[in-house]
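Chain lettering (A, B, C and D) follows the sequence in which the chains are written, and residue indices restart at 1 in each chain.
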Amino acid sequence: MAVNKVVSSFDEAVADIPDGAVLLIGGFGGPGECPSYLIAAVARKGVRDLTIVGNTGGWGAKRIHELRERMASIFPIPPDWYDPSLLVERGQVRRGILAFPAAPGHMLTPFEEAYIRGEVELELVPQGTLAERIRAARAGIPAFYTPTGVGTFVAEGKEVREFDGRLYLLERALRGDFSLIRAHKADRYGNLVYRGSSRTFNATMAGASRVTIAEVDEVVEAGELDPECIVTPGVYVDRVVVRPRQPRPWHEPM
Amino acid sequence: MAGERLDEQAMALRAVKEFRDGMVVNLGVGIPTLCSLYVPPDLDVIFHSENGIIGFGPVVTDPAEADVDLVNASIQPVKPRPGMAIVDHAESFAIIRGGRIDITVLGAVQVSERGDLANHQLPGKALGSLGGGMDLAFNAKRVIVVMTHTTKDGQPKIVRELTQPLTAPRCVSLIITDIAVVEVTPQGLLLRELVPGWTPEEVQALTAAPLKVAQDLKVMELL
Amino acid sequence: MAGERLDEQAMALRAVKEFRDGMVVNLGVGIPTLCSLYVPPDLDVIFHSENGIIGFGPVVTDPAEADVDLVNASIQPVKPRPGMAIVDHAESFAIIRGGRIDITVLGAVQVSERGDLANHQLPGKALGSLGGGMDLAFNAKRVIVVMTHTTKDGQPKIVRELTQPLTAPRCVSLIITDIAVVEVTPQGLLLRELVPGWTPEEVQALTAAPLKVAQDLKVMELL
Amino acid sequence: MAVNKVVSSFDEAVADIPDGAVLLIGGFGGPGECPSYLIAAVARKGVRDLTIVGNTGGWGAKRIHELRERMASIFPIPPDWYDPSLLVERGQVRRGILAFPAAPGHMLTPFEEAYIRGEVELELVPQGTLAERIRAARAGIPAFYTPTGVGTFVAEGKEVREFDGRLYLLERALRGDFSLIRAHKADRYGNLVYRGSSRTFNATMAGASRVTIAEVDEVVEAGELDPECIVTPGVYVDRVVVRPRQPRPWHEPM
């Protein structure tokens, strides 16, 4: 029987995510890269005590709304941009493993506010180390050495080792229970292509969890994606779900 | 009375003067991102951004050209450029960690006289954001800091010892501020250029580490 | 007098019966590569080869279809197939090491009763070739060995202890030979199937480790 | 001035390879993947005491000729397939770091023959470990852990360490002085695309040496390669050189 990884709804796609799950959430922080509908489905499901892994913990509904208004004339921001802050604001997150939890400047993200209130824990990770730890999980590498962070707070509690006269830190693979990612096109085997800068952590996280779920703009026939240009081979992807043609705006993510 | 201070655009312009043909350059958040706007058309610089876009063009100024799926690491829309390539985040940092970045231009909260960099946590905030800055500071061939010479309340940002959290030790080689250009050398800080109207003594007064004055001290040229 | 021995094609056919829809399967050099020819059209198996082709079709039999740039890990031209993807060698082994291979079918020089595998060095040769076999044997979810039951001079290849260099310990779960199918279990070797004409005693006589006979011992079916 | 990494001849491309260099040589072992003309140029240059790193040490002129005759009707093998055995047969190689040095079956490769004569040393490496060690060099990772090889001869002299109940070996990055690779198309920035199964170790080795030299079928204008489909970004490539349109057959590789 033909393989078909496409599932029919976001709710179905996230149905087996339990309380306490470790979620690798794709994107970088911009409006075009987020697995928005998967995040909304996790919010809808109401699971708690989540660990979120990714670049940011999200900007927050208020800030996103503000950005959308302010940028409207120079950079149209899609109305269906939901980011991990949706989960933080609803109290579903217990821990973040993040590179960019704090907003630049003096406003606060929902993650910062929750941290100050003592509601979330943070492991602050250099972005390159975060990406490599996730890639290591995909690649079956349990641990590796990196120069980044030697002599700083990042090194606390970690093995430091010298190779060829330079010092390196031992870093562990970061495997998720579920990777929630966003891609442009998929086929029924789960092969994925991305679009421009939305590739980022989405492609890195594909295959780095027990289950990888891809939110895509479109599913095409097997064979339509050029084998030379497929970025994520389907072996890394477990489920594919298609975004709605008509965006659902932020005030009704449910 | 000291001279005027440079604005952000002028500092970015000065940083661009360090770029050479073929260099791979990564621009940090803030003032550094402005550099992409000031690269002369005949200078073939390859801009790398953490989110995996290599060889992109300047920041978009015409909203009609903005693509939500082509942004730099400051999440500003940029123009495509012939020869551009896209990689994922792990490969983007393989490029950084592998030593392929010729210059990174970063903002800073503080820089010490040894080139120690503090740039991931704003004073008074409970949390910092490392972003890609720590990987860049540890691994780029050359780290150039662009920042105001002093904090908003007039405190020096160039210091003997950092009082803010360390992002990377002994990494900064050049500091471009709104009043001067200072090189970090094994013998300490070297004042190389002055913004017009400023004297070495005035710059020293706003710097919390001793400055040697370069024998060929210059007035900063931007063009 | 024992029955006939299976030829290579028949052994490959038997191995294919282990495949299920959606499985990711890697075929080793030699007899295992023949498997790609015998997959029924309605079975949706994703073949992975070490050189980075995922989801390719059967080995090309019509020379007009051969493409020097589309070969499997045995360097035989294969057909493209809808849904095929290409990755580089590091990613290909990320897939293997990451545990994405459901079944690997490998040849062997020897297999021990614990499932230890020797397959990288031919007896009498000064050098061996690991290829991708060691990574596959260590990391695939299921390792199936396809081999003749005995060497050319009649020595058993299923043994108590390897006398040939170890490729991977305790990895083989099923052994398909030209006279039998033997499962490696925590309690030792289990004779599961006989090629028509063979008795358990005849198979045991050619096996240098004790075989238990499965309660539901079957005659091997190929179709 | 516009960046242009294209050099005009194979001899120029390899001019600075010294005696004793560590060469990462792309390809897998098939006739379509080898940086044949770069290898021929290194043979022509006559440098010695080389360390060659790659999947195979080559099949040998005799065997290749034999294959070409035998396969002619079912799999046309290009007349300009030169592989690393060219260097082995000329006594230019002192050491191999290889996954597949020995021919399958009882014939011998030139590398095996040289090994038996005591002329070359061998480090036999599992293919996945080889690929990952090379990738690590490109990625600035000095060392990593892998499960492959624990309890076998591969583990001899290596640190064994347990993570989450499984044993792993410490493996070191494998950085070359020069990567000699083959690609399909390039632009003046050194961006590369490959063709089918010729991607293999070629793409892995790009950027894993101090200098990476790519032998390509064609150089196209900057912008002609789809940014989404570029496999090797130009930052990893130092020199590009174009293969001749008319193949030069094996008996005159000079």
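Couple of notes before you dig in:
Note that in this section a contact is a pair of C-beta atoms (placed from the backbone, for glycine too) under 8 Å apart; a residue touches a chain by one contact, two chains touch by 3 or more.
Please read these numbers as outputs of a predicted model, since none were measured by experiment.
The set of chains in contact with subunit C as well as subunit D comprises A.
Averaged C-alpha coordinates put the centre of subunit B at 57 Å from the centre of subunit C. Distance between subunit A and subunit C, defined via averaged C-alpha coordinates, is recorded as 38 Å. Averaged C-alpha coordinates give centres for subunit A and subunit B that are 28 Å from one another. Contact of a single residue of subunit B with at least two other chains is seen at positions 86-87, 90, 93-94, 96-97, 139.
The set of subunit A residues touching two or more other chains comprises 132, 135, 139-141, 146-147, 194-196, 227-228, 231. Interfaces, counted as pairs of touching chains, are A-B, A-C, A-D, B-D, C-D.
Every residue of subunit C that touches subunit D in the complex is listed here, in rising order: 29-30, 49-53, 60, 63, 66-73, 75-77, 86-90, 92-94, 96-97, 121-122, 124-132, 134-135, 138-139, 165-169.
Against subunit C, in their complex, subunit A makes its touches with residues 1-3, 135, 137-141, 187-189, 191, 207, 221-223, 225, 227-228, 230, 233-236. Here subunit B touches subunit D in the complex through residues 21-22, 24, 42, 44, 46, 48, 54-55, 80, 82-87, 90-91, 93-100, 139, going by the rule given at the top. Interface of subunit D with subunit A (complex): residues 132, 136, 139-147, 161, 163-164, 166, 168, 172, 193-196, 226-229, 231. Of all the residues in subunit D, the ones that touch subunit C in their complex are 28-33, 55, 73-78, 99-106, 111-112, 115-116, 122, 124-129, 131-132, 134-135, 146-154, 194-204, 231.
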